[in-house]
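Two complexes are shown next, each including chain A; its partner changes from chain B in the first to chain C in the second.
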Partner chain A sequence: MEEYAREPCPYRIVDDCGGAFAMGCIGGGVFQAIKGYRNAPSGISRRLLGSLTAIKQRSPIIAGNFAVWGGMFSTIDCTLVHFRKKEDPWNSIISGAATGGILAARNGVPAMAGSAIIGGVLLALIEGVGILFTRLSADQFRNPSPPTEDPQSLM
Partner chain B sequence: MSADYLSQPLSFADAAPSSRNTQTVTPLSPYLNYDPRYLQAAQPEFIFPEGAAKQRGRFELAFSQIGSSVMIGAAIGGTAGFYNGVRATALAQQTGKLRRTQLLNHIMKQGSSTANTLGTLAVMYSGFGVLLQWVRGEEDEINTLLAGTATGMLYKSTVGLRRCAMGGGVGLGIATLYCLYTTATSGSKINFNKPYM
Partner chain C sequence: MFLPRIQQQIKSLFFITRPQLRRYAERKSGALATAQERTNVSTDVKPIGERIKENTKTGMYTGVIILGVGVTGALFYTILKELWSSNSPNNIYSAALDRCVNDTRIQDQLGAPIKGYGEESRRGRRQRVAHTIFERNGVPHIQMQFYIQGIRNKATVHLEMKHNSSGEYEYRYLFAKLDHYPRTTIILEDNRANDTAATSSQNNEAASF
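Coming up: the complex of A and B.
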């Protein structure tokens, strides 16, 4: 597949929402297939049927939750980019925490705080791992060392 | 020395400060004393090796298609849910805080279910589209038609053969309408080399 670059900011929201939905749909489908298979009564056909039912019933809901998370995250991320005029890991961490908090808004303040902390820590971990990988792989992309001979000798 | 030149602008004036006194080296331009070995002029550099034939394929468009389907579904479902919620709460004579919560429940329920349905359809369509593009190795309107049909059939695949076929027919119909629309707006006959969608 070709190189996949992220869209510029306002369109990134739609893109992230779709990516999260696809991820939730496929990943949730696999997860629900296993869960439905295990929870079904014995007999291979019943198990497959249970698996199918679980996929049909649950995976769109998981996908929808993922999509809401992704869309909200991206919206806050873009808002922060607009107001802070820079893109750094703090944007992601702040928007992760804010997304967790906002999406738990109907469950009361303690639940909001818990979700916000979970969201922030999760995004901080993701960003940290990303920075770590960048640091580790930076050596491979280092330029060849500059020529040591005097440039005048080339003339 | 190995690391700090990365953060500096490119200049070789003090690349080897110990070997020679570089104060006397004053080049005409910082761009002229560049080692020609680094300019690989031997082979041409194309972004895509085949030339300009490569276009943005389905995979690049898939996520935005899915995302816009989800968002449109959420908007439609939310509006319908608001309408239904207003009616239902008025019928049940709920007021104040109770009515507000019930309205929110209606909007969330209907909005998310519509969004999920449309998004799942989009995921199926994009998946089939990417798969067909990959298998057939080209991108044209046959892909659109096949992907639409397959999406309809897969979506209705668990409720019996007849309705599965009906779903496939509906998918084929929508895909055909879309193809006709795009060819009508592009002002040509059906163009089987048209990229994307």
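Coming up: the complex of A and C.
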């Protein structure tokens, strides 16, 4: 029962930041490996060396960008949870849009608006995927017969 | 009389006059027409295998595009329905949470700033609210459970709603049960008397037949 008692919120920011860093590291590593392999001069050893160089140069940068996104997202999410006193999909969507906007702040207002819309729509899609998956899994594990008993505490 | 002629000549050097232009255009369109006829002829002679290949390719690309649009549309439909339909689990949860937060008995027991959340996922999100949708006697019902927490105590809220005659959900019951010491049950709504009357009358009819 103790892990239920702990509030996820402030600690979740560190979690999300690290998770995003790992994701960017792995994903960016795979992407850059392929890109470096293709761009290197011919010869298998040169190509492998090229992909290794590309991974070393670029994937930490991608991972860092991911980590900044994740950390900012989670921070705003927790702030919203604190002030709205409610956890629902709106938190994710709003914080996705806000993160997109804030991280594009140095590129001017139109770029901010564009990134904010992209961030919001992306997070809405992710939420949609989550809802669809829970619905599908709920359908799979559904009780064949409806609950006939009402809760004991109401009797 | 000398000057105007010179002017005319200069003009004709630099500008194409109107009749000239028309002639030019006619010649050009004629050439274009013949060229088009030729291309029409030449596109027809392609080996049948290549044409099948091309059509298959086009069909496959179209299929991929349609699939992508379909999946995106389904996702958008799901999320928009979840966020704006008043019968969606998310909005039922919002409405029930509002009622609980504004209930003075619950405020007394839990301590004033009350927040609500659903089941916790592995990643520390608590936005999913546990619910099941089912049919009882052919009427759609929804059962839901979520948590509220004040500064002193926590409670679990249980609710069940059923479709009324106009297809909107209305409460069958809604109550909060404290998680810690007094473990009181605070009943906000209990309309089960209505449906037991209905079912018992049904039972009576069934018995009389």
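The criterion applied here is as follows: the second predicted complex is superposed on the first by the 136 of 155 C-alpha atoms of A that agree within 3 Å, B and C clash if a C-alpha of one lies under 4 Å from a C-alpha of the other, contacts with A are read in each partner's own complex, and residues count from 1 in each chain.
The rule we apply is simple: a contact is a pair of C-beta atoms (placed from the backbone, for glycine too) under 8 Å apart; a residue touches a chain by one contact, two chains touch by 3 or more.
Here the structure is a predicted model, which is why all the values come from computation and not from measurement.
Visitor: Which partner chains sit in contact with A:108 here, chain B, chain C, both or neither? Use first/second/both/neither.
Guide: Neither partner.
Visitor: For A:43 in the superposed arrangement: first (chain B), second (chain C), both or neither?
Guide: A:43 sits against neither chain B nor chain C.
Visitor: Looking at the overlay, does A:134 come into contact with chain B only (first), chain C only (second), both, or neither?
Guide: The second partner, chain C, only.
Visitor: Where does A:17 make contact in the superposed view: on chain B (first), on chain C (second), on both, or on neither?
Guide: Only chain B; A:17 stays clear of chain C.
Visitor: What is the contact status of A:125 with respect to chain B (first) and chain C (second): first, second, both, or neither?
Guide: Second partner only, chain C.
Visitor: Go through chain A and flag every residue that touches chain B in one model and chain C in the other.
Guide: 4, 11, 15-16, 19, 142-143, 146-148, 150-151, 154
Visitor: Over in the complex, which chain A residues touch chain C? Could you list them?
Guide: Residue list for chain A touching chain C: 4, 8-9, 11-12, 15-16, 19, 81, 85-92, 124-125, 127-132, 134, 138, 142-143, 146-148, 150-151, 153-154.
Visitor: Which positions of chain A touch chain B when the two form their complex?
Guide: 1-2, 4, 7, 11, 13-19, 21-22, 25-26, 52, 56, 59-61, 63-64, 67-68, 71, 106, 142-152, 154
Visitor: Residues of chain C touching chain A in their complex?
Guide: Checking each residue of chain C against chain A gives 72, 74-76, 78-79, 82-83, 90, 93-94, 97, 101, 113-118, 120, 123-128, 132, 134-136, 141, 143, 158, 173, 175, 177, 185, 187, 190, 192.
Visitor: Within their complex, state which residues of chain B touch chain A.
Guide: 2, 5-6, 12, 15-16, 19-20, 25, 27, 33, 35-38, 54, 57, 59-60, 62-71, 104, 112, 115-117, 119-120, 122-123, 126, 158
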